[in-house]
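Presented below are the structures under discussion, each in the form of structure tokens.
Across the two complexes that follow, chain A remains constant while its partner is chain B and subsequently chain C.
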Partner chain A sequence: MKNKKYIPSLFIVLMLVVQAFAQPTAKAILDKVDKNMSADNMISESSMTVHGKRNSRTMTSKTYKVGDKQSFTEYLSPAREQGTKMLKLEDKLWIYAPSTDRTIQISGHMLRQSVMGSDMSYEDMMDDRKLTDIYDAVVIAEEMIDERNTYKVEMIANVVDVTYYKRVVWVDSERFVPLKEELFAKSGQLLKQTTLKEVKKIDGRWFPTSMVYKDMMKQGKGTEFNIISVKFNQDIPKYIFTKAALKQ
Partner chain B sequence: MIRFLFKGILRDKNRSVLPIIVVTLGVILTVFLSTWIKGIFTDMIDINANFSTGHVKVATAAYFESTNAANDLALLDVDELVTNLKTDFPTVDWNKRINFGGLLDVADENGETRAQGPAAGQAVDLFSPDSKEAERMNIINSIVKGQLPSHAGEALISDDFAERFNVAVGEEVTLFGSTMYGSMMFYNFVVSGTVRFGNQLLDRGAIIVDITDAQIALDMENAAGEIFGFLQEGYDTEIAEEVKVAFNAKYYNEKDEFSPKMEQLNDQNGLSEYLVLIDSMSGIMSFIFIFAMSIVLWNTGLLGGLRRYTEFGIRLALGEEKKHIYRSLIYEAILIGLIGSIIGSAIGLGLGYWVQNHGLQLGASIQGGSMMMPTVFRTMVTPEAFYIGFIPGLLAMVIGNALSGVAIYKRQTAQLFKELEV
Partner chain C sequence: MIALKLAFKNLIGAGLRTWLNAGILSFSFVVIIFYNGMINGWNDQARRDTKEWEIGGGQLWHPEFDPIDVYTYQDAHASLSAKVQALIEDQEVTPILLTQASAYPQGRMIGVLLKGIDPDQTILKLPTEKLKAEGDEIPVIIGRRMAESLKVNEGETMLIRWRDKNGTFDALEVKIVNVFKCDVPTVDSRQIWLPLEKLQIMTGMENQATFMVTKRGFDEAAIDNWVFRDHDFLLHDMDMLIQSKKGGASVLWGMLLIIALLAIFDTQVLSIFRRQKEIGTYIALGMTRWQVVWIFTIEGSAYSVFAAILAAIYGTPLFYYMANNGFSMPSGADDMGIAVSAVIYPVYSIGLIVSTVVLLVLAATFVSFLPSRKIAKLKPTEALKGKIQ
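Here is the complex of A and B:
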């Protein structure tokens, strides 16, 4: 009789232990996301549709990427953008415009400007540090998004020089790809929102091929990104990631 | 009587020197401050009209509402609109303008970034033979080196920028920013000269180009951010309002945020409050002056009354009427007030004229801010300045003495011998 009163407490403890083992930690979730989303190298062709107040524009580009530190993008269309190239090496960004035959380094407050009128800033492109290195992450809930179960992971910055103080990401609990992300300022203001769709299995990994990136400070429908093709672990010549390649 | 009082004032300096000094100083301050405020606000309105608001301005409703005057909200089909404006309002000078921002980049010998800084650009009509824009914006007088752009692809840049980044006239600079449709904009300009306007906001990375160059660079063919209208007779709130009302009735559609809308100068940048302030400032200053000076001169009069206590007592004992003594005190105050006001007005106006012609460089003290303020401050001597200090100077002296002189009526004749210790 005396032992019977401990049974409910033991049951709760047991449930908590089971729950703890059933739900992976935030770090484990983010590591699995990295395995899907990051690659040693990647060549992709994508389109970006920017919805302006008066009209919408679609640009296509080809991107070569090695790790998180090196990327090279060449715009293929429309005619006004064709031949414009961007090179990112570590924390530096250069843009080459064939119309002026000039290579311009983007720095300072210009990094906060929008890329091609989109909802994304150069700064968004530049921040390539691992999320687990600069944020303390915890799983705060499990929610359904588009009929998929997700882990809701909240990340709070543990460094000062970070663009977004808080991130909340909804990670597909089965495929481990992000389906939605919200980026916040320290004041709690929601700054950007991303929704990712069309998750496909490419080269053995799950990868979202459609994304809507929305700057919440701007009016409009946001910027749509669509992956036309993507190849992982390709042989990318080293000269691609040099300033000389910008003028070629 | 006046001659008698005047002699008294001259001979008894203890009676007159301090009040004259007080009135003179007060009048100098009032006259000079009045010309100073008038000068600053007039300059401020002119600068804002010429660079930012026009006497009237046409833009899309969305452009007026946006905080950063973005060119994606610019007016389209502007050539037709300007033709219509010239027909509808022939006495107004209409000018297309484009404001743009970006990065001004200077190349090294390899075509890579040697130096760069933020640029705030203005595109105006520099090439049309009948354009008054260069004169209106005081561009020619502000050129430090080189000359006004005379060919397509030339630009004037801020002298501060040129000095800081060692950019010479004839050198090529690249403007990097966004087109009207959000695409990347790269455009090379040859520096035809450097300018300094003496205004922090304008000199901070300014670039001035012809409107046609900006239209090509920003992908704004037959488009412009805004159309400025300048009234022939100078800014007049009522005339500007008439033009605005007539235009909006004909062209503005409340349901279409891209339809052209007109606003006049005092609708923009919170300038209406400043205009009201200018109008009321002189009155406020006069009131403060009369109030403060009356208290000071009342106090001076009381001190004088105490000093002249015996004198008034003897005069009363000799049979002089109280009202006669009081009247003579007021006449004396009028004379002192007149002397102080004339001297004060003369000195105040002299100072006002000097600063009007020479100006005072106060740029360092007004760094930052978004309101366009001149860095060289000039006063403006108006007919109002001739009486704005004079009348309060006179009134304050008379009121001060009238208040202190009331004590004369409190004297009891029966007590006089006791008071005078006779």
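Here is the complex of A and C:
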């Protein structure tokens, strides 16, 4: 009879142990996310809508990507941006503007400028280091987002040269795609928030096709990205990732 | 002497015509002196204010610092050596650290420059002692223009976001402890001043500065690797602007002067036409043609003398009043990027007045001489008869 009162406590402890073993580690979660989000190569067509104070601008572009190190983007519309191309090779970025017929390398502090007036900087595009290499990640909770169960993973920088000291990402516990991400300053101030929606199964992998990137310190609706079409594991000619391709 | 007497007698005899010409010319006198006096006054005030609020006795720059190129700010900073620290303690120099940031007043994003300065400094007129305020938020001071542009008031708080030396974002609330009024936009527009030590910690640049402002009378020499920039260098842009303003103004008063000189020229042409009998009589009485030319030229240049006297009569009280009460500049005049105070007090130098008098007398003499040359070609007999030649 005396032992009976310990049974509920033991049960709770047991449940916690089971729960701890059932929950994958943050590294495992991020690795699974990488598998969904990264591909050997990818060709996508997308639109970017920059919501301003008075009006909104939508730009469409086509992107060729090989791994995380090489990417080539050509803007298709509107007429003002048509023909503008961006080439990223490793840690270098070039932009070609048809109006001036010139290619310029975006480097140093210029990387901190906004991409086409959006809430995203060139630097945000450039950081291709693996999150698990530069952050110490832990799963801190499980939360529901849009009726989906998610793992809330907190990442604290373990190197000094990172743009955001802390990141919190909510990863769909079934599909292993991020549904929300928050980027924080050293002081703990929330700086940027990304929400990802319309997760679709494309070529056997889950992939979010709609994303809103927002600077949380300023008013506005942020910048909206929508994937119009995406193809994985395509044959991309090597010349695409050369400076010569910018002027073609 | 006889030429002078004749010239003045003739002019006085001409009555209203003389005073009209002299009046127009005197107006040119007053406008030239007033306009140049205004520019001189503006120049003096702008140079004085810039020295008091921004550049002191000159600045010591980090070799990579270029105030026009914001991209240099990230790398243009260095540690302050013991030698420099001694100068700071003696209030010979005051270090300033710069970093780019974004301010978010009421959810709007505005690019700003954070400037760290020692609250105890006495070299610049900035009210840095207000930065000693204690509280949870970082105390900052901003200029009136900046407060208007951010739409914030004294005592309010706002968020600022910056990057440390490694490029990592950080953000905190700051409290505006003072809004100062200053005529130098380069220490005001888009700038937030905060305690140097706080900014050094915020950016991870402990004991570092981007440039230093020296005390007036500082021995002009580079220290360590810091490059000394003197007043000529730092005020070069302002000097160029003043020169261009003077150039622009000279077109305005030049046109006014041309109108006045045209009036003298016309009067001279008419005089020679109407006074042929008088010219013939002078020559018949034994004067050479060139002596007569001289009389008429003197007559013309005498307009400038009368004009100078007239200008002195009504211009002196006007100049005196303006020098004491100043000229109110229209609102917004100080937003053009150069120091302009709300009221400009004109400065009239002796050199300005003498040079204006000399310019007008020479110009009046020249335009009087041009039509008078015709006298040299007149036939005295025909002139005596008053026949038109």
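The rule is short, and it goes like this: the second predicted complex is superposed on the first by the 234 of 248 C-alpha atoms of A that agree within 3 Å, B and C clash if a C-alpha of one lies under 4 Å from a C-alpha of the other, contacts with A are read in each partner's own complex, and residues count from 1 in each chain.
Quick note on the criterion: a contact is a pair of C-beta atoms (placed from the backbone, for glycine too) under 8 Å apart; a residue touches a chain by one contact, two chains touch by 3 or more.
Everything numeric in this text was worked out from a predicted model, so none of it was measured.
Once both complexes are superposed on chain A, the partners chain B and chain C clash.
Once the two complexes are overlaid on the shared chain, A:36 sits clear of chain B and of chain C alike.
Contacts of A:121 after superposition: neither chain B nor chain C is touched. Looking at the shared chain after the overlay, A:80 reaches chain B, while chain C stays out of its contact range.
Look at A:100: by the touch rule set out above, it reaches chain B but stays clear of chain C.
Touch criterion met: A:157 reaches chain C, while chain B stays clear of it.
In the superposed pair of complexes, A:189 makes contact with chain C only, with no contact to chain B.
Of the two partner chains, chain B and chain C are each touched by A:110.
In the superposed pair of complexes, A:57 makes contact with chain B only, with no contact to chain C.
Between chain B and chain C, the partner in contact with more residues of chain A is B.
In the superposition on chain A, contact is made by A:215 with chain C only, not with chain B. Aligning on the C-alpha atoms of chain A brings chain B into conflict with chain C at a single listed stretch, 271-279, out of 91-99, 163-171 or 271-279.
Common to the chain B and chain C interfaces on chain A are residues 108-110.
Of all residues in chain C, only 70-71, 74, 102, 104, 106-109, 159, 161, 163-164, 166-172 touch chain A in the complex they form.
Within the complex formed with chain B, the chain A residues making contact are 50, 52-55, 57, 80-81, 84, 94-95, 97, 99-110, 113-114, 116-118, 243. Per the touch definition, chain A reaches chain C in the complex via residues 108-110, 112, 123, 157, 160-165, 183, 185-187, 189, 191, 215, 217-219. If you check the complex, the residues on chain B that touch chain A are 62, 72-73, 103, 105, 107, 111-113, 116, 118, 174, 176, 178-179, 181-184, 186-188, 219, 258.
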